[in-house]
Structures are given as structure tokens and as C-alpha cells.
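After this come two complexes, each holding chain A, first together with chain B and then together with chain C.
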Partner chain A sequence: MEAAINMGLLTLMAIVTLGIIRLRNLFAVVILAGIYSFLMASVMIVLDAVDVAMTEASVGAGISTVLMLGVLYLTKVEEAQPTHTPILPLIVAVIVGAALVYGTLDTPPFGQADTVMNTYVGADYLKRSVPETGIPNVVTSVLASYRGFDTLGETTVVFAAGIGVLLLLARAKKPKRRKQGEEGDDAS
Partner chain B sequence: MLLDVILRVITKLLLPFILVFALYVQFHGDYGPGGGFQAGVIAAASVILYAMLFGLEAARALVPVWVVEKMIPIGVLIYAGVGVAGMFTGQAFLDYNHLAHDSVHGQEWGVFLVEVGVFVTVSSTMLGIFYAFAGRGR
Partner chain C sequence: MMFAASAAIMIWLALAVVRALRGPTVFDRLVASNSIGTGAILLLAVFGFMTGRPEFLDIGILYALLNVVGTIAVLKFFRFGDLGHRGGEEPD
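Up next, the complex of A and B:
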């Protein structure tokens, strides 16, 4: 049953990808990319990774789509005709894809209990999370407590990205709106 | 912006539920899927939805640009501040064991406050990027 659902979702993802490649209308491409993210989120749910699925659905399908639409508002909706033949990118993509598939051949089967990642650290966290932190969702306890320093780094990355985008884009409106430009100076 | 009555009415009905869902994802992250990152994105998405239907000016009146710009660093400060607070209790940086009367409650407080910091930074960054894109005009 699970395999059938996965196959269906992956087939749909392949179809959506082909649609993204073939279409020249960027609006349709953005919507298809959002659909792709939702399908990816569904795959994550089938794999029991609900936290990742939620992030994929909200960031990949939600915010990214909105930001892409915002970009489309600033630029043209129709994709320009390519000036080069797609043969070289095709070869690169095929080689990289083949390398990735070759890499997956060595990975252990999904959900197998006696693999490296399921025996040492992972099992340790599963055992320790509730007695030590009282948090049943191990993803949260690992993210915010055991690996809290990593998450601080991630938050800082988000912070840096936000400040960077604001520095690049928010400045452009300064001549038009003096007041908000000055407020921006105070904040940054 | 669109002058579609149905979309506007449905959006107004949906907005409080989206915000409550964001808070649920935020504060229920200890027990179910979710946490500061996802909740921040959902909260930002609700304001973005509002901006798409009622115009950028209305959204900027709801969440002003200066609030967003202050929130981006404040979230990181909350996160790092919890780590420094752990140091003041005699533990390592980001060790929450002594933040409350026993280590389990200390951990729960630490995780809760850290997730609040993530929420503040993520939601304001998403909103700030949207404002920056949408405010450029054609």
C-alpha cells in the first residue's frame, strides 16, 4: 500500500517536472512548482517525517510560490527563448542524476533497524528525550535542546538572509518614501 | 489588487483560524509536528494573504515595516539570550538544565523560549522579504 502511494506520488512529481520543463508560461511554472512542493510534502508524510512535510508545505508551496509570484509581478510572464541548445545541460543532468541513483544503491533499506543511524545516536535520543526533557516529540527536543547550537546557527542564517534581502531591495524605495527609508536606517 | 468579494470574505473568515493554527503549531511543537520555524512561516503567510487581497498598505498598517525590521534581530537575541541565561545558572551555553527548579522543567522552559525566538525571526524575515519584493512596484 505504502509503496503504491509512493509510486503514485513520484509519478505525479515526474509529470509535474516534465510540465515545468515544457511550459514557457512562467505563471504556470510557478503554480506547478507549488504543486511539486505539495507532492513532496505528501511523500514526506508517507515517510513519517511530518515535521519536514509541514516545513515543505509552508515554505516550498506557500512562501516560495508567493515570492515567485512577486518576482513575476516585476518581470515578464513569458519565458525567453533559449539561445543555446539544451544538449550540454542535458548531458550534465543525466550524469549527475545517474551518480545520485548510483549513490542510493549503497544506502540501507528504508526503516531497517540495525543500520548505523538507527543504532547509535538516534536510538539514544529516542531513549533520553522524555526522561531528560519531558518532550515526547523527539524532533523538537533534538532541534531545540540537544542540537540547540545548530538551530541557533539556522536562526542566524535566516536573520542574515532577511537582513541581506532588506539591504538589497528595501533601499530602492528610498527616494520615493523618505520616511520609511530612514526608519530602515534605524533598524539596520 | 483583486476586487473579488468571495475571496475577500473567505479570507477574512480564514485569517483568525490561520493565526490560531500558527499558534497551535508553535506551542504544540513539543507534542506534535511543528515548532517555531513552521509556525513563523504560517503566521507570515496569513499576513501575506491579507496583503494580497487587501493591498500592501493595509498589511503595512497591520504589521508596520519598522516592527518587522526590529523583530528580525530580536528573535536571534531571544535565542542567544536563553543560551547566555543558561551560562548565568552555571551551565554551558544553551544548557537549559538549571533554568527552572529541576532539569526537566528547565529543558521545557529553554525549548519553549528558544522556539519563541525562532518564531519571531522566521516570521518577520518572511514578511520582510515579501514587503521588500512587493513594495518595489513595477
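Up next, the complex of A and C:
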């Protein structure tokens, strides 16, 4: 059942990716990238990685869409025709992909219990987290309790970055309006 | 029954993806994107009940909020052509 849902979602993701490659309208590409992120988050949930799914949904579907729209404001909406043939990038991508697949061949099977990362620290956290913190999700207890200060620092960095982006977006508008006022042409 | 529900949601997602790829106007794609977000929330809920963990509904609420934020960002871009716009007044 899980495998069937995952196969369906991954097929849809492949179709969306082909659409992203084929379309020339960058606005549609941004929307399709958001769709891709939502499908990816669903795959993560079916794989039982709820925290990764939440990050994917908030960063991929939420923040990325907003930031890419901000970029579209600075460029054209239609993608320009490529000036060179895509043969060399294709070869590089195939080689890198093959190297990554070769790198995953040595990893232990999914969910195996007696691997290195599942025996020492992980088993200790699994044993201690519920009695010590009372949080049923172990990942949440590690992020919010054992590494609480680390998470607080990360949140501060993300908050500062968000303020910076907001300031930049608000600044980009003013010179344009002044220029329009000087030239006296009517926007839209 | 949950199996039938998840199968129906998968078909829904496929139809929405088709509309997002073919949609002649941007608004078709936007509605398709929003619909896929809703479908993902429902798939999350159905999957949570299927595996006996209804706590997944909390994450569904977060997804719904994100869906609204993304759609509002796209619509604001369309209305004002600028995400930094303060809003409230007419674009011209």
C-alpha cells in the first residue's frame, strides 16, 4: 500500500519535472516547482519522515515560491532561448548522477537495525527520550529539547534572513517609482 | 475504505497535475497548485488514519497555512507586480 502510493507520487513528480523542463513560461515553472515540493512532502510523509516533510513543505512550497516570484519581478517572465547546445551539461549531469548512485550502493539496507548509526547514539536517544522529555516523537525531542539552544540559534538566523529579504523587497520598489514619476510615463 | 480513499486522492492529484501542465492561463495552474496542496493534506490525513496515527492532522493544519501563504504571494504578485508592495491602494 505504501509502495503503491509512493510509486504514484513519484510518477507524478517525474511528469511535473518534465513539464518544468519543457515549459518556457517561468511563472508556470514556479508554480510547478511548488507542486513538486508538495508531492515530495507527501512522499516524505509516506516514508515516515514527518519532520523532513514539514521542512520540504515550508521551504520548498512556501518560501521558495515567494522568493522565486521576487526574482521574477526583477527578470522577464518568458525564458530566453539557450545560446549553446545542452550536450556538455547533460554529460556532466549524467556523470555526477552515476557517481551518486555508485556512492549509495555501499549504504546498508533501509531500516536495518544493526548498522553503526542505529546502534550507539540512536538507541540511547530512543531509550531515554520518552521518559526524560515526555515527547512521543524522538526527532522533535532531539531538536527541541536536547538541542534546544542550537535550534534557537537556527531560528534566530532564519528570522534575521527573513527580515533582510523583507527590507530588500521593500527597497527595490522605491527607485522604480521615482524614475517613473520623473519620466512621466504611465505604468500599466 | 481508506485504500479506496487514498486511491481516489491519487487520481485527484493526477488530474490536477494534468491541469497544471496543460492549463492555458496562469490561473488554471494556480488553482491546480492549490488543489494539489489540498490533496496533499487529505492524503496526509488518510495516511495517518490508515497507519493508526491521527496526530498527522496537526501537520495537515500547517500545510493548509502554507498553501494559503503561497497562493496569496502569487496573487499579490499578479495584482501589484511586486512582492514588497504595501498593499491597500490601487496599482496605478
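FYI, the second predicted complex is superposed on the first by the 148 of 188 C-alpha atoms of A that agree within 3 Å, B and C clash if a C-alpha of one lies under 4 Å from a C-alpha of the other, contacts with A are read in each partner's own complex, and residues count from 1 in each chain.
One rule holds in what follows: a residue touches a chain if its C-beta (ideal position, glycine included) is under 8 Å from a C-beta of that chain, and two chains touch if they have at least 3 such contacts.
Nothing here was measured: the structure is a model prediction, and the numbers come from that model.
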{"item": "Touching partner for A:T133 - first (chain B), second (chain C), both, neither", "value": "first"}
{"item": "First (chain B), second (chain C), both or neither touched by A:L74", "value": "first"}
{"item": "Partner chain(s) touched by A:V66 [first = chain B, second = chain C, both, neither]", "value": "both"}
{"item": "Contacts of A:T55 with chain B and chain C, given as first, second, both or neither", "value": "first"}
{"item": "First, second, both or neither for A:L143, with chain B first and chain C second", "value": "first"}
{"item": "Chain B versus chain C as contact partner of A:G8, first or second or both or neither", "value": "second"}
{"item": "Partner chain in contact with A:L152 - chain B first, chain C second, else both or neither", "value": "first"}
{"item": "Partner chain in contact with A:V16 - chain B first, chain C second, else both or neither", "value": "second"}
{"item": "First, second, both or neither for A:I163, with chain B first and chain C second", "value": "first"}
{"item": "Set of chain A residues, in rising order, touched by both chain B and chain C", "value": "50, 53-54, 58, 62, 66, 70, 73, 136, 166, 169-170, 172-173, 186-188"}
{"item": "Chain C - residues contacting chain A, complex", "value": "3, 6, 10, 13-14, 16-17, 20-21, 23, 26, 29-30, 32-33, 36-37, 40, 43-44, 47, 50, 55-56, 59, 62-63, 66-67, 69-70, 73-74, 77, 81-85, 91-92"}
{"item": "List of chain A residues in touch with chain C within their complex", "value": "1, 5, 8-9, 12, 15-16, 19, 23, 25, 27-28, 30-32, 34-35, 38-39, 41-42, 45-46, 50, 53-54, 57-58, 61-62, 65-66, 69-70, 72-73, 136, 166, 169-173, 186-188"}
{"item": "Residues of chain A touching chain B in the complex", "value": "50-51, 53-55, 58-59, 62-63, 66-67, 70-71, 73-74, 131-137, 139-141, 143-145, 148-149, 151-152, 154-156, 158-159, 161-163, 165-166, 168-170, 172-173, 180, 183-184, 186-188"}
{"item": "Residue ranges of chain B in contact with chain A within the complex", "value": "25, 29-35, 37-38, 41-42, 44-45, 48, 52, 65-66, 69-70, 72-73, 75-76, 79-80, 83, 93-94, 96, 103-105, 107-108, 110-111, 114-115, 117-118, 121-122, 124-126, 128-138"}
